[in-house]
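Questions regarding the structure given below will be posed in turn.
Should a chain be cited, it is by its letter among A, B, C and D, assigned in written order, with residues numbered from 1 in that chain.
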């Protein structure tokens, strides 16, 4: 195809679908028990230098427990899909675990403001950045999931977002119209947090899907963290509810409240005071180092972090907030 | 883009996304009561010469009642997306309502054999044909649903299916690999049969989705036929179950057993003897004309057709067949 | 005359732009407040959509995130980002509200970096869904304080498309046809874009402000209508609904 | 020696090709019977997928349609055609069984027209999902009666890709790499494809048949192994499972 324009941004992952096919050809299709601890899953499936994908939307159904574990295990030189990422990126930046990023949304925590830590890390020059829009990253994941090297889209054109991305522009052979073509993105490893999964990895969730189905199907290795493991028979009774098929999944980790301090639809709402505390602590490097020690490095697991921050009573309170039965107007 | 090869098949619909956008800009977004009789929906939304899409997979969750009504109203010169189409095409061929077809799968009724009527109609030279694969038609619908004029795919290449399609081949700008590019397909009007919808058109179904979500989102006008209308509150209670959003929908028609004699998951199984009867009747033109008179033209509505073929007792029997509680092994 | 603050004024003006039966893609904060106010005043059938997947929710309170549970509470559908963005891409979404650290005379927005991109003074969140919304939604609007540091001659980074370089430049860019910036709402004035040049043009002045006030707080030369009407002030009813039903916690409108 | 018919023989041979833990995209009829037989014999962990969306069902009986309720009965997932085809496209499906009215020496299939496409003698269903399965699945297999009218020198229409014109032609076509026709199973013999020329090659003879029988019933020159083993006949156990558990209604294996 005639390339009319080309962004200057790096493409951190190989969009070649035949290489992805060769990898998936060797991936087991057997329905076997994939349950393990999150610590073991991160140890086993996240290698230094891997390109990482994180599901959910910022602090909504986001595998926060996985982000803690990745930082706790001091993973290094990861690539990161900065797609609708807020508190997840804040944690990964605190651990300095990544050194290249496809940046669609990050640094910010939406209406809550900017993460000083994420900001300083990106401003430090230690991180290689390519720019994209959120939908562009969704479409890049979808391309990998579809086994094609690229997909066309109609945003980004004419902007610096395009110029600093790895996209190209070309004319449609049917209409002659200029399209942005974005390369397939297949993370080496991704984490998705769901409500329910069986031991094989068949997974389902409630509420919005964001781009988790694209992410799950695009990722070479996939770890499912879930609020609860359910019997396979329960999944098989209503198979149309399954959103992620077991054969994509490498590990299933039962992590109750694994999206805390973010929101889990119909389960618990975000812990806004704690998220504010995070942002406040970031201001003073020494205080923040101490905060990280207490909340991540010094915690043997995510349960210890939850216990530190209110434990079951806090979870029950956040459940009331989710259902707005706590009488509080935010 | 450099076109390396081009199929000789016609592209019956305009793939220009800006024309589709201009149409959808004027489509109402208001949540209003869209319930009406199927007869009125077909009269109002199907114009002679329209390009027609039919949901489901052959005789599975397929809007058969809509096919009957289209034939009963003697619509003419329709285009048709022959995508996984079996008994639906058999009915539309009997009525000779279409004169051009995107042919991915038709004529056959899967393991049941070939429809003599569909076969003769396509062999008559009265129908203009373009060839595609099933997935190619799904992808063409997906392109329209995504608001892009084409999508790339990796099948069809090197075959006569490609040569007699409207696809083109071009090289991927990222990998240099040759891709098939297929043009967006936006039907003028489509019918999808579901288990439940509210009066606004929010629709959900059980079992496999086939390509119905792509079809619904790609179609300029959309008629939902459903087994039952449910209160909007029921939809709003679990919005993640909604598969088709109301704003795509022009009409909601409650048509119990509207997929008969096909299968409706968790509701009723296909009526194999009646499907065999259809194929047998097709052999003798005069007998078949009489059969159509009795089963379609002479029926005031689909209910009359069902009553003719066993009515509620037959439906109860097919429900037992669906759940395999009838003791019959097929 | 009723007392109100500048945020309340902007929200009320924005709400009046959203006609009944339209669709709007919103984020959190002021845009969401404007959409909720519109629903509770002239536009009960306004359809709200959120980038992360929420379609037509019955918002019980202001969302904190465009993906939190409020954004699909009693909704018609809790879909995905691609459900929303593909709906926008095929022309179903009429309005969107966007913002940024900088805006230029063509309505282009910067939310990526202050200073040079290679070594930024400030790294901002980037496009998020803004570039997509601005590319796909028919009419893009911005609510922002009138400030020389925001209204700049040249953006440090063009994150989100307005009319690009003006004239036919957007038409020729490959972006969907006939979509683009519609209204810019500030504490001092309301602006649209002159049809030929696509340059920002003041079309009404908020109570208490002159054109000179607006120009003095803008980093580029503004076009203007010959006769500039005064933007109607918020009514008692609008303010009372905004304060008691839309944002009782005064999260957006402040205390 | 156990008594069996030719359909039973083909199904048993096909079932033996499906190793435990593999994925197979099947249609109705003989291929589905072969996959079910494999599950009930050597390959309990064989994963069956159906084009219309069914993933890993617990098949209670032979489906009538690749989209009927049996195809996702107690399944892991009831997805969509794109769930299945995209899984095939990214390399997750090892085997598929396809058929057609005609097959050529490179394993290309015709299921579109007999006679000229413009004015066909017989119009057949077309590709359906066959072209996609054959393009994406790693190893494509065919079960068909050995018959001169089916095994032809030149197809009337090349619906579904085999090795195309042989040699490197498929490699250069743009189709996914290293996928293609694997085994052809007939009532008389089992064939594969010679690695260089990609021409059909007889690798074993079914009990009671000679190479000449096969060649006499084939419209093109077949390659052969020097020494042709005899395809092991179906065992009593295979036949009894096929007849009592897979197809008790004898819908596929006949009466």
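Basically, a residue touches a chain if its C-beta (ideal position, glycine included) is under 8 Å from a C-beta of that chain, and two chains touch if they have at least 3 such contacts.
Nothing here was measured: the structure is a model prediction, and the numbers come from that model.
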Quiz item: What are the chains that chain A and chain B both touch?
Solution: C, D
Quiz item: Once you find the CA centre of chain B and the CA centre of chain C, what distance in Å lies between them?
Solution: 40
Exercise. Go ahead and note the Å separation of the Cα centroids belonging to chain A and chain C.
Key: 28
Quiz prompt | Centroid spacing, where centroids are CA-atom means, of chain C and chain D in whole angstrom | solution = 58
Exercise. Could you check chain B for residues that touch two or more other chains and list them?
Key: 17-18, 146-148, 153-154, 177, 179, 206-209, 240
Quiz item: Which residue numbers or ranges of chain C touch two or more of the other chains?
Solution: 54, 72, 78-79, 82-83, 89, 136, 176
Quiz item: Hey, how would you classify the chain contact layout here, line, ring, star, complete or other?
Solution: other
Exercise. Please give all chain pairs that are in touch with each other.
Key: A-B, A-C, A-D, B-C, B-D
Exercise. Spell out the part of chain B that touches chain A in their complex, as residue ranges.
Key: 1-3, 11, 15-18, 146-154, 168, 170-175, 177, 179, 181, 183-184, 205-209, 238, 240
Quiz item: What does chain A use to touch chain D in their complex?
Solution: 17-18, 20-25, 27-31, 144-148, 200, 202, 217, 232-233, 235-237, 239-240, 242, 245-247
Quiz item: How about chain D: which of its residues touch chain A in the complex?
Solution: 20-23, 45, 47, 55-58, 72, 74-79, 82-83, 86-92, 94, 136, 138, 176-178
Quiz prompt | Complex contacts: residues of chain C adjacent to chain A | solution = 27-29, 51-54, 60-62, 64-69, 71-72, 78-83, 85, 89, 108, 112, 117, 119-132, 134-136, 155, 157-161, 164, 169-170, 173-176, 248-249, 251
Exercise. Can you check the complex and tell me which residues of chain B touch chain D?
Key: 56-61, 82, 84, 86, 103-108, 110-112, 114, 119, 122-123, 125, 131-136, 138-139, 142, 153-161, 164, 169, 177-180, 206-214, 263, 265-266, 269-270, 272, 322, 324, 329-330
